[in-house]
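Single-structure report; data block below.
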Amino acid sequence: MVDATLRFSPRVLVHLGEALVPNADQAILELVKNAFDADATECTVRLDRDDDGMVLEISDDGLGMSSSDVRNKWLLIGSSTKRRDKRTRRFNRVQVGDKGLGRLAALRLGSVAEIDTKPIKGPACSVTLDWNKINAAPAVEDVVLPIVRGRRRKSGTSVTVRGIAPLSEREVQRIGRALTLVNDPFRSRTGFSVAFRGTAVKKPVHFTRQLFSQSQYHIRASQTDGGRLIFALKGPGINISEEVEPFDTVPFTFDLWEYRLTSDDLSARGYPLSEIRSWLSVFGGVHLFAGPIRIAPYGDRPVDWLDINLLRARSPENRPSTNNSIGRVVIDNSSDQILQTTDRVSFVENDAYANLRSACTAALNWAANQRNLARDSKRQEARAQLAADPVKIKSDTLRLLRERLPTVEYREVSGFVAAAFDASIEQINTLRADAVLYRAMATAGITSVVFAHEIGQPLGLLRRRLPALAAQVEEAGLRGADLIKLVQQAAERLSRYVDLPVRLAAKARRRTGNIDLGEAVEDSLNAYGPIIGERQIAIDSVIEKGIIMQASRAMIDAIIGNFITNSVRAFDRGMSDAKRPRLRVRLLKQGGRARLTFGDNAGGLDGIKVSEIWAPGSTTTPGGTGFGLTIVRDTIADLNGEVLASESQRPRGIEFIASFPLVG
Amino acid sequence: MCVVIDAGFSATLYESLALLGVTEINALFLSHADADHIGAVASLLAGPMLIRHLYVNPDGKKQTKAWRTLRSALRKMRKDGSGIKTHSSLNAADPGEVDFGGFVIDVLAPNEDVMLGGGAGSRHDDRTLSVNDCSVVLRVRSDGRSVALFTGDATEWTWGQVEQEVPNAADRQAQILIAPHHGGEFGSRSVFERLLEDVRPRYAVISNGRTKNGNPQPPVVDALRSRNIRVICTQLGETCGSKGNGGLGAFPARGSTSYISCGGSIAFDVPAGVAAATDDVTHEQFVDLISASALCRRTVVVTKS
Amino acid sequence: MTLTAPFSKVAVIDDAPNMREELAYRIKEQSLEPVLISGPFKSIDDLIAEILGSAQFALCDLQIKPIINASGSEVVARLTERRFPSILFSQRVDTGIAEFRDILDRIPAFLTRDELDQKDLRNEYADISASLLAEAPEKRAYPTILRVEAVHSDGRVDFIIPGWSPSEIIEMSRRKMPAKVADAIAVGSHVFASVNLGARSQEMLYIKNLELAEEPDDDDGLA
């Protein structure tokens, strides 16, 4: 009887190694990840050419291995002592490599692989794997691998693989790009920097530097020891800097690179968006450094300590988010003003830290503002271009035609061309006049809404206290009761008119969604209730509920409110021949459409034709704007509806019929 | 043993369950996926009370936001290790009937082939089924007696399904009828009369919201009155009077704080299988106070529209 | 503060001088003594101390920036924590609630100036003192799920709380949410929170303890 053991043919190594990890770049990445897990800060990947093919050397300054580590861990294929939850000894990193088999694939890229490693305490050792020999042996276990003294003098590990079949240019590029994703972009002292060089690497490609140069905007804030703070912004069409009030905090430099990640901006340098995104997903956000040392608590991905996303949520235009930007704040903390909390999870919220945050936030706000101004001035420019005198364009065009065409043809054509231009010019002038009037009205509206609070407060006081005043006057037997009553009524009227614009302008009313048209119409009618009631105008309404439309309350306000205002003004003219002023409102569903009828008995139109009432500026009210019904017509058109106006005879008044399509 | 069939607004439900000393809900049935029914079910699934079984039909319009909200809450309850079991089939064949020991709940509608055909939105015999058509009809039986019939938002079409499922008219009887669709739209009067003829309830409970859709509808109340069925509405109908009460019985009612309750939350005792409303007399007394305008007391003239 | 303590002094915290005067007048009309507090105060603790030391009841305006760099809602919330009865008021009550929905459970009453003017302050003092000792059913917290309908650029989030109403939009400011929730919130996402589902109107709804909910399981049988 003889003892035996299970033995493995070298064919197995093929299945375990290259079959599982077929790409050279992924295999090499595994070795680089090993260096990261070994707490290295510098890792160099060299690819050189020699007579036998390519040589790959990966060396790092990590914790290295003793000969027993090499024997029991590195040479033991398939056991992975790396667990995700186990952090590294020196830098407390989350371990990233865990395929013991990935290492094998990398080693088998060539014909010979050698490891030379030295732990912090102890001698260096080295082992060579000659794959030709191992492949030729009957079993892997049969090949003895002497562990000899190594050559390394400093702690760390070097793995060299020779005799690699030459890699294509594309594969070399791919390796470089993959390494970018593990390379600390800011080369901090406790970070992990990977360099890629060698004779087989065309010009040492600084992918990381290239990535920074792909940014669209670069924001910088820099405060010197002497207390001068300068903000700067570089971007498309912008290159400005400004000195601002310094903040009471340590000297610092804040850089933020913002990227435009929309696909319609394929960079001329051809850098794939997906790679930039991957890079930003690993390194995005703002990192904090004291000198060359990155300060925790950010672990592998920074916390949004500048509230970049919150600032962006508040006003998304012209602002970066943590998904499309990467940044760095480097402080001079020699005075130890910025302190980490004892659990290293956050910073002590002292004044220095708070002011540093404020300074960086101020820089971001300043940059957003500058971008806003730049965009606005661009818009002004564009508008100015458009506003180029149409009269001049007309004469230039006609002149050009006269120069290029024979006389007969010119005479035929010039009439049409001139007429077309004239129509345009008239339209432009009308629109300009409209815009001026709309703006004036909007200003009036804005003022009344903005100051409604100031008006409402003292008005409220008047309304509340006048009854008591009246009572006191009466009790004291003084005259003045009637006078006070007058004042009271005036105050009541005033407050009705003050409340209305505030209500109409409420943001919530502009929210578009599914609304019950009937409820909205009733709501609008109620809002104008006091004004209608004051004039003793009766409302006869039959409103069907349950008609759902995509609209906003503000749009229904625009329609009903302007109808009401129009009718109220008409009643005020006193031409109604009816006994009692009345408004008639009907809303019902009719064959897939909503039908809204609004009519009054205010006496009909005076000096204007029905077809003319819709045009802007047409009004028969002294001091009227002539815009109310235009707004009604435009709003109904926005809802894909139609509206007709007609004068009714008995009673004499006006009637509007609007109809809207309903979906579903 | 506690079973909840549709949840309206969770606060009053929780308070009522607390009063009853209920610590977990054995089964929660959802008759159909209308927003005003599933909203509070989603809220119940957010905890803290344990729910053992959830019975619900797959919603025809599965992508509605309200449905996603319910499923999001369900995920939390599943993750919390409560062992909640979701039954995504609630029809006459599956589960058919569920035995809770002291009582049994039968599913009388929809039929299995209606749900297999796609439920709401699918076409069935020349009719495109609405969500209400596919409302679940549940019957509660105890000691061999049929105690209550819960009709959800059933339509006359749904009742047709019940008639097919329970061919013997005598088996369609129940002592308490929870009126379909909150005392509102059901379908033609003749089918409703047929329903009442078969069910012969002693009580008809109308779970209505005073400000919603003008429920209870006069023709519904009229049909019930003409058969001397005792009508109890949870809230005071708009046409019945201007002021309700703050709830009559021991259980909190949603309308109580605004004084718009009529019957409020109604409790029935079922000793020896005969149902009796615990606040029957108090409710009668309240309705007496408003009898001139109460729909269940006055003679209603129903005009054809 | 106990109910048996003599009640005579009412603190008024309002930045507008003529409004302060009007409230003082009203308080005197009810045979109580107004204590006008105009500050300015550097810290909210100082203001609270001043109120506690000088009165038994407080009426506090929502907007009091000139007096202290904080919202009147925070002042009232702090007073409530100390079992000190107070009322929060404002010209209008429909705006601004989004900014303090997270502490609405600690606001005993939020009234308009007009409503406040109508109140009998002794009754209010008694009612609110009682409510500070025992929880009213409308204030009871229930765990529930919320759905995000919209996220506005000014930081307001529109929620629908299905367990309360299937259609009414409830606004809350993102600034008042825990950072993790505020960062991740988006249209269609869900949040678990404690809400007083028994509230009668949305001006009384508070939203606390927000936590992100996960999106539905694909294999829950209801997909």
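Letters A, B and C mark the chains in the order given here, with residues in each chain numbered from 1 onward.
Simple rule for what comes next: a residue touches a chain if its C-beta (ideal position, glycine included) is under 8 Å from a C-beta of that chain, and two chains touch if they have at least 3 such contacts.
Note that the coordinates shown come from a computational prediction; the quantities given were computed from them, not determined experimentally.
In terms of inter-chain touching, the protein chains here are arranged end to end in an open line.
In terms of C-beta pairs in contact, the better-connected of the chain pairs A-C and B-C is B-C.
Annotation: 47 Å between the Cα-based centres of chain A and chain B.
Distance from the chain A centre to the chain C centre is 32 Å, each centre being the mean of its Cα atoms.
For the pair chain B and chain C, the distance between mean C-alpha positions equals 37 Å. Within the complex formed with chain B, the chain C residues making contact are 137-138, 140, 142-145, 147, 160-167, 188, 190, 192, 196-198, 200, 213-217, 220-223. Only residues 9-12, 14-15, 35-36, 38-40, 42-48, 56, 58-59, 62, 65-76, 78-79, 86, 88, 252, 257-258 of chain B touch chain C when the two sit together in their complex. On chain C, the positions that touch chain A within their shared complex are 16, 18-19, 22, 25, 29, 91-92, 94-95, 113-114, 117, 150-151, 153-155, 158, 169, 174-175, 179, 182-183.
Across the complex, chain A meets chain C through its residues 304, 309-310, 313-316, 453, 456-458, 460-461, 463-465, 468, 502, 506, 508, 511.
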